[in-house]
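Next come two complexes, and both contain chain A; in the first it sits with chain B, in the second with chain C.
So, the complex of A and B:
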């Protein structure tokens, strides 16, 4: 499938800011399941944008605006072609016990995705008594069962949690948004010795060809997790929608948790009074659209 | 007469050997002191204290209610190191800093030392000061640690051991320089005859080091000293060094980043800055990358670094080298990178994160020194044999909660040095912090800061915990 995705972040300052600096992680990944057909970044007021690849392999763009400005607007636009890559059945059929052995033999490569991180402490979901991964369980099934369990037991409710809401609160209230569910799932996975990473991206919330097809995502901006499979593949699981990540998911950046992939991180000098506006749109385009 | 009742009490004493005879390199100072009376000595001492106070040579104690500015207590009796002993230390420290720099280069690029199994990946990747943001960033001349303050102690046999490498932003060198000035004033006729190697060119060497690591080998680079400001405990030192080097001292708000270059705001407009001697921790240096709540740093600085338009000393991420877990591997680093045997010894270290060591630590907690892996200044430390039951139990809980963050070492009976204590000299425990500069060549200012635990029997020499300092003399000869 082909999509045109546009992601605008806009700051309006009550009093002009004298300087702004920002780092962006809004450049969709090129990988086996998605191809970037075109990509463009627009910053207003105009600024020279530089770029590097970060530790995890994400494309980072950064800029500074060293003069007075009343507003700052950043628009990232990309045309992306996606396809579904199914993991080979053999990777999903191994037992959890075998999988764990394989992970332990690759601790150096996987270390960071097995350890607690800033938003994913491993001691805050103790209230969940359910046991998800037994040594003899088939790995793939156990993963899907966890994905579904989060979906069934937690309500999607926007506006009640924020990025600083701890996992413990999400567990207590049984509700949150996609990033809460992703962090919770990471915590459960990692405390079970399973390497997993946080993915930020977009989702096509409505299928234009099917009625009544709504998927849930925060206005097309979305977050899910990727789990490491023995054999070296990362498998996308979306607990918010009880799905595996497929054609309608567009992956932008991954890391240990949200703090590694924040779409825009920056500072400005000025009054603290600011208005932030984020607009993400995603539309399916015809195969011949460039 | 002084020293009549002096006893070494079975410790290694810097001045007297086990038979009570004075060591050759202390003979001259002993003769000089024997011509003094208690009153005369006391007068010299008070004059020195007063001059420190007048000049504002002070430091700040965090978490102390009674006025935080204090003078750093100074003990007039110098610590003396003979030439051959110093040459040995120089060789050992030079080897060590080279290995540490090679380690940092490796750990921020190829990570050979992990791949070849010398250091477990988990120790490095879980290090609080391992900066992923700096993977594969080119650092001018591959020097990460430009200024290192390595703490040395001596065991009961007098062997020098490295206690820790301060590879982030070591402070205290201004005291070394001021102590020397004080000694010269206190002993105006004796000092020039004592055959002591000078320390005064430290600031010049420091400036040379900074200039040498300018991006792209730029000539006549503009260097500045970046301070967190006057609330910082070492602000006196920041001003002192900037003045000595003749460079600007700046705060974060004095610098601005434009087009990935760093500029300093001056009365004549913006001036580009090439090298920043920063005395701000990594966490605070660039709010757009590290702590967003930092008001101290320079937004955009990290990206200017990445673009190769500025360099900072020390580099970002050097903290992984003085992580107390990584410390335990420095001898292995020397063997791995340099194919040499370590010249200087160090203290045996147990890891709370390893099951076997953990059990040993738990069983012997009241016999061990426990340190938090990433704290400095004597904070977050337990000295088992001297601690109360409650302190030991508090640490036991802390270690259990976060084993990666703790190491334990057998207590080392630091060497003692005669130190003035109300009317006569008594033995007090000392350590030594030499300052190593790593630029075109590695240079070590002869001597270092000798810190002394002024409280009787105490092993903690940190200025924030009741320590004082001494002038350290390195002699041109062995006598």
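So, the complex of A and C:
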């Protein structure tokens, strides 16, 4: 499937700002399930944009605007072709016990994604008594069951949580948004000795060809998790939609949790009074909708 | 006459400790060991009172230095804990060679470790050390991975702490490869002890330590390919021991000293904001923690940092020493594996061992620790603030808190078994007693590694410090290394001439500008309240009070108390009001607040101001704090006002006399003159229109005009100029246009203009001259000010006031508007000073490239 994604972040300052500096992680990944056909970034007021690749392999862009400005707008636009890559059955059929053994033998390589991290402490979801992973369970099924359990037991409700809401509160209130569900799922997985990472990206919320096809995502900006499978593949699971990540998911960046992949992180000098506006649009491009 | 043999009367000062076991200075038989023999001889030849005298002189010299690094705590100067002992630590030839070779070996190996960890992590892949130690290290900042560090040397300047386990068996206790602290103490200790006790150094063959700062500067300059690189020292500017050392190093090496807010990133280059504009920075000697360096690259809510700095470094456009992320080399949980690390990277056998160190995350080691806790010292794996954030808790000084945190987070703690170190004599209360300590040795890497032939010995403590970057725990000792072992290393490149001087940073200029403004404002307010008090407000009749009310309002308005302006009638008692504007710390415009602000402005740039000036401010500040606690009477209020006025004069005089009249000083003056001009205007702006309403030309009783002159400190100037009683237009003319009257706006602006004209600008941006033109324009406006026409001084009838205009013949509203407009024009000067010298918006605004959009 082909998509054109456009992601605009706009700041309007009450009092002119100066010395703005920002780092962006809004460049979609090129990997087995998606190809980047084109990509461009526009910053206004105009600024030179530089780029590097971070510890996790994400493309990072950065710029500075030292002089006074009243607003700042950043638009990332990409044309992406996606396909579904399904893991071989053999990887999903191993038992949880066998899988754990394999992870233990690769502890060094998988270290980052098995340890607690800033947004994913491993001691905050104790109120969930349910046991998701027994040694004899089939690994793939157990993962899907957890994915579904979060979907069934938590309400998607925007505006009630923020990035600083701890997992314990999400568990207590049984609601949140995609990033809360992703962090919760990571916490349960890592507590069970299963390597998993946080993915930021976009989702096509409505299938234009099918009626009643709504998928949930925060205005097309989305987050889900990837779980490590014995055999070396990362498998995308989307607890917000009770799905595996497929053609309609576009992956941008991954890391231990949200703080490794924040789409835009910046500072400026000036009054704290600012208006933020984020517009994400995602549309299938013509050749593909027929 | 009987001859008294002095020597026979003298008691051996080392009597009690000669035969003590495990002494580094004496053999069990009581003879002095080799490196100590000359020291013991010299000291034994001194009388007890002589030694006591010398120790006193040592303390005195160090206390004088200590004044400069004491913490600023409201109301007092912290006690100086830095104490230097008379008896130095002395090393033999073999001992020193072993230490210095071992130091270089270890520094190279751990630098290789840092480089490996931030790139391929081979040491972890090959399982030479447990990967958890490295990957759970709070100082391992993944955000800094994959950056190419020149020569692969993360720590080019570092230090190690060693302990003598007996018989010269030196072992490593700690690494300080990230931010080595104490080199200023090494240099100062040597300088002071050799002044107080020159005989010691005549007897010993001691290698000099002073050259070390030259090597350090050379190393820093060598980081940049440019011929005259701009090197600066980056500090977070927190007052205390660390800042004292930083200011010392910067002064010693001629580096500018900067705080994160002084730097600005633009198009992948980093610049220092200076009064001349933005100056590109080539090398940063970093004294700010890696995790606090760049809030974007390494998110850290606690630090402002320099947004974007890491990306400039990543691009190779600035060199940072020591490299950000270097902290991993100080990880104490690695000490246990130092032998393996040295073998892995250098394929050599280790020359210096680490003291036994146990990691609490390892079950077996933890068991051992539990059983032997009495003999062990508990320490965090890193002293970084980040670690305590991860633990969600931090230890206080009391014993139990560290252990409690360690129980919950064993992964972040080690326990060390410190061998009972060999003893050395320490002079205390007139006798030598045994004491034991650590030795800190400093190195510089680069093409030819250098180990500072000397170091800092400090007393052993039973607990780990809770405060990073402090060493002064008790007695320090100078460290003597025989000169003969130090190879003559020629400087790597000819000593660079200091080249062009870099200008003072915007922050320094801005701080001094504000110090000038605050002190002037404090003086103004104090003088004005004093004048009002002398009118004996409390004894005035009500009608009389009403005559003076405009003046009172003007003074209040000048301090920002605009609510007073709306009052029609004066309050019955002004004492409470006067008191709050003098002493209330919560009142932003009070004299006390102004002095506090001035003091903080000065503290933040203390390296640019003379200690004498600081002392004046300390005095006033202390005085005001005490006075604010006392019961207020009119007499006391008058005393306080008088004291403030004279202290402000004392400060200006002291600054004038003790500070170099350089750019920094000029900014102090710019602030002072600007504030004075604004002060005069704000009094006139309120007072004149109000007085006009009740003014009668021939009113003999218009005493309020005399008081107005006194408020502005210009009564005497008026009398000399006009030889007449006070008339309104003359007053206006005098305090707006008077060329030689210190309170006049004209005088202040011309002095401001002159001060800006003396600033040492170079380069092709004539920033200051632009502003000077603007000020000249303003002077012309002032000259043509429509209210105040110069009276004809030739007139014989000057003092009768009959043949001339002595009142302002304009509508009150018009006058008020004219004053508002003039004030606004003068306020623009402040904005321009800010834009041009401090915030650099001026540069951006005129940069044509940036505005092509």
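Please note the rule applied: the second predicted complex is superposed on the first by the 287 of 290 C-alpha atoms of A that agree within 3 Å, B and C clash if a C-alpha of one lies under 4 Å from a C-alpha of the other, contacts with A are read in each partner's own complex, and residues count from 1 in each chain.
By definition in this document, contacts are C-beta pairs under 8 Å (C-beta built on N, C-alpha and C of every residue); 3 or more make two chains touch, one makes a residue touch a chain.
Computed from a predicted model, the values in this text were never measured in an experiment.
Using the superposition on chain A described above, determine whether A:23 touches chain B (first), chain C (second), both, or neither.
both
More residues of chain A are touched by which chain, chain B or chain C?
Higher number of touched chain A residues: C.
Does chain B (first) or chain C (second) touch A:259, or do both, or does neither?
In the superposed model, A:259 contacts chain C only, not chain B.
Answer with first, second, both or neither: which of chain B and chain C does A:247 touch in the superposed model?
Touch partners of A:247: none, neither chain B nor chain C.
Does the superposition put A:77 against chain B (first), chain C (second), both, or neither?
Neither chain B nor chain C is touched by A:77.
First (chain B), second (chain C), both or neither: which does A:137 touch?
A:137 sits against neither chain B nor chain C.
Looking at the overlay, what does A:112 touch: chain B (first), chain C (second), both, or neither?
So A:112 meets both chain B and chain C here.
Which holds for A:46: it touches chain B only (first), chain C only (second), both, or neither?
After superposing on A, A:46 lies in contact with chain C but is clear of chain B.
Touching A:62 in the superposition: chain B (first), chain C (second), both, neither?
both
In the superposed arrangement, what residues of chain A touch both chain B and chain C?
19, 21-23, 48, 50, 52, 54-55, 62, 64, 66, 107-108, 111-112, 115, 265-267
In their complex, what parts of chain C are in touch with chain A?
Residue list for chain C touching chain A: 124-125, 127, 131-132, 135-136, 142-143, 145-146, 264-268, 295-297, 299, 307-308, 311, 314-315, 839-841, 844-845, 847, 850, 852-853.
Show me the residue ranges of chain A that touch chain B in the complex, using the header's touch definition.
19, 21-23, 48, 50, 52, 54-56, 62, 64, 66, 107-108, 111-112, 115, 265-267
Inside the complex, what are the residues of chain A that reach chain C?
Contact set of chain A toward chain C: 18-19, 21-23, 44-46, 48, 50, 52-55, 62, 64, 66-68, 107-108, 111-112, 115, 259, 265-267.
Quick check on the complex: what are the chain B residues that touch chain A?
On the chain B side, the touching residues are 114-115, 121-122, 125-126, 132-133, 135, 256-260, 287-289, 292, 299-300, 303, 306-307.
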